[in-house]
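Below are two complexes that have chain A in common, paired first with chain B and then with chain C.
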Partner chain A sequence: MAMSFEWPWQYRFPPFFTLQPNVDTRQKQLAAWCSLVLSFCRLHKQSSMTVMEAQESPLFNNVKLQRKLPVESIQIVLEELRKKGNLEWLDKSKSSFLIMWRRPEEWGKLIYQWVSRSGQNNSVFTLYELTNGEDTEDEGIESILQDFQGHL
Partner chain B sequence: MLGVGDFYYELGVQIIEVCLALKHRNGGLITLEELHQQVLKGRGKFAQDVSQDDLIRAIKKLKALGTGFGIIPVGGTYLIQSVPAELNMDHTVVLQLAEKNGYVTVSEIKTSLKWETERARQVLEHLLKEGLAWLDLQAPGEAHYWLPALFTDLYSQEITAEEAREALP
Partner chain C sequence: MDRFTWTSGLLEIKDTLVIQQRGIKFDAGTLLLSTHRLIWRDQKNHECCMAILLSQIVFIEEQAAGIGKSAKIVVHLHPAPPNKEPGPFQSSKNSYIKLSFKEHGQIEFYRRLSEEMTQRRWENMPVSQSLQTNRGPQPGRIRAVGIVGIERKLEEKRKETDKNISEAFEDLSKLMIKAKEMVELSKSIANKIKDKQGDITEDETIRFKSYLLSMGIANPVTRETYGSGTQYHMQLAKQLAGILQAPLEERGGIMSLTEVYCLVNRARGMELLSPEDLVNACKMLEALKLPLRLRVFDSGVMVIELQSHKEEEMVASALETVSEKGSLTSEEFAKLVGMSVLLAKERLLLAEKMGHLCRDDSVEGLRFYPNLFMTQS
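Entry: the complex of A and B
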């Protein structure tokens, strides 16, 4: 299932890369950033990142527009995502993070549905089988589960 | 006056829907051009054709009903205000200045309008406060104040499902 990805209009709007002083406008801006981070990571099947990578990634750095979101603002976006349950810090110093473009509950539901569909309820199977089985849908289950594995 | 089934009444309803749906992006300010494009899109191929003059007429009727609509002449076209933000002459004239590039700066205002810095700053602060302008601190030279309503990249961008939901009563 190919995901079509288009940069939202905000990505080409220069002020999008400046944290807005007006509270209402900032709320809209942060919501748009959160949404963009999740769809970007989903497209690139990227479930973890370091803050350094993020800074240089086209996600936060629009080279053509000559605008990049400053690191303090990136931190604010990441904190928003954490509050929503879409992000977890992987270390105490907050230098790298896990992005869950589907929250754990949503994954749980998806996996349960997949298991039900393939008639394998009440059977035990390994993570290998889950991620490499023929029935695995191209939902990025592999990468997320791999990351969770590494996280454990 | 207006009667249900009246062409301008129906057009007025459409205009309100488009403005509501896009308010989230542009703070309630939209160019006549963009409004026209969006209205035509929503009408489908069997609907009567609508001109920009028709839109202006419909909006004037909406104004007469006290809906808070405003029509601001800028650079040969019009900005349509759908949210009753308090805009006085100073604000309006700065909007007109911004129409050329989609943004405006304190220097530009001082040069073109011969205002003091403080007067220029106050107007820009007000536009930020009303959600009509966004601040850009990475522009060359000085801070740029951009108006989403004038961001032409936005023209004919699809109204998202989220925005359409906002338009429902």
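Entry: the complex of A and C
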């Protein structure tokens, strides 16, 4: 899917790159960041990243606007994602992480639903069969599985 | 001049001599030599005293003692000057006198007299005209002429200055008594604190004491009790309410406490307020139901505002201003609205606190934007 990534309006709003002191404002801000990170990673099929990469990536660094989210704030955003279950640290020093734009349990639920629908319970499929088999013409599941594959 | 007579060039006082002049003997007296005169005083009758100016002496010579004769000094004199004060003789044929030293001492006397003659010290020092009828020193009369006069004047002046200085320092000695009290007070406070806390170190106490003394004894024990207030602060608060009404209205109903401090002290001229007193008085404004109040912002900035002034309403207008311009820094906002930068910043921060604005903090500075996080989904 070569969809051009559409940045959200916040991306062009300078205060987005400053961690807001007002608690309520901050909540909104962080929520916006989390969804941006996830959609960015999904589109670019990026499932893991290091913090260093993240700092320089256009995700946190809007060159045109001349604004960068400082590394302390990036840490806070990543922590938010971790709390929500969308992120896992790959090492103890927290230098690289795994990003799951769909949480594992969400995946499980989707696949199960598909399997139930197509009446394929209690048989074993390979992933290849799942994604390329003739039975998998349901576009919904196809896209899901493609994404899943990319995620893996 | 009297002093000079008795102190300088003084010889053995107990010389006795005879003055012969025209065969008339003046017997048994005391001869005194001074830098200006030769004085003879009758031993029996102290009132009888004669003097000859040394400047009248032309020349002196010794006459050695012989058998039955005592040593003598012959003093040759100038003719008597026309303005000579009255003396024992109105006129004399002889132009010399003989001094007979019955009790010796003539050698020394001669030596001294010739010394005085050579030195001629009477020429260097101005001398008053009235000298012959010297009845001895006259106590009580301050002579305003001559060296004596000058010296006496200097003495008077010195005494006067001394008196002035002592008067001037009278207040200082009172102050020193007060300072002593204050030192006692600071000691007692330090002790109180020590007791409460138990383990104040030695240098902390010393530092505390020096702090107290330099700040004019700010008593921490009573600072928290300002609520009950002292009469002074209450009166002061009322006075401030009167003074500040007009300036506050001019400045849009709000002024920082430092501005108030400057304004009030400039108006008072004398008897300036200490910052401590000002703050304490302002803390009582609301309690006393005066038309002003003290307000402390989160950042610690203290302002005085009119009761009628509603900062929260101002925030709404601030939001409008910011929205119009897209974004503003505190300085830009201050300029637009005509406020001090300090107060402008406080207003913007309050707006942010209330959720109307959000901030953009970068190398370019701190800017405030309308809070689109809340208003836009």
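Basically, the second predicted complex is superposed on the first by the 112 of 152 C-alpha atoms of A that agree within 3 Å, B and C clash if a C-alpha of one lies under 4 Å from a C-alpha of the other, contacts with A are read in each partner's own complex, and residues count from 1 in each chain.
Note that a contact is a pair of C-beta atoms (placed from the backbone, for glycine too) under 8 Å apart; a residue touches a chain by one contact, two chains touch by 3 or more.
Since we're looking at a predicted model, the values are computed, not measured.
*Asks:* State whether chain B and chain C clash or fit side by side on chain A once the two structures are superposed.
*Replies:* On the superposed model, which is not a single observed complex, chain B and chain C clash.
*Asks:* Does chain B (first) or chain C (second) touch A:58, or do both, or does neither?
*Replies:* In the superposed model, A:58 contacts neither chain B nor chain C.
*Asks:* Have a look at where A:85 lands relative to chain B and chain C in the superposition and call it first, second, both or neither.
*Replies:* neither
*Asks:* Given the touch rule stated above, what does A:13 touch, chain B (first), chain C (second), both, or neither?
*Replies:* both
*Asks:* For chain A, which residues belong to both interfaces, chain B and chain C?
*Replies:* Residues 9, 13-15, 17-18, 20-22, 24-25, 28-29, 66-67 of chain A touch both chain B and chain C.
*Asks:* For the complex, which residues does chain C have touching chain A?
*Replies:* So the residues of chain C in touch with chain A come to 327, 352-353, 355, 358-362, 367, 369, 371-374, 376.
*Asks:* In their complex, what parts of chain B are in touch with chain A?
*Replies:* 24-25, 103, 128-129, 131, 134-139, 144, 146, 148, 151, 153-154, 157
*Asks:* Enumerate the contact residues on chain A facing chain C in the complex.
*Replies:* Going through chain A, the ones touching chain C are 9-10, 13-15, 17-18, 20-22, 24-25, 28-29, 32, 66-67.
*Asks:* Mind pulling up the chain A residues that touch chain B in the complex?
*Replies:* 9, 12-18, 20-22, 24-25, 28-29, 66-68
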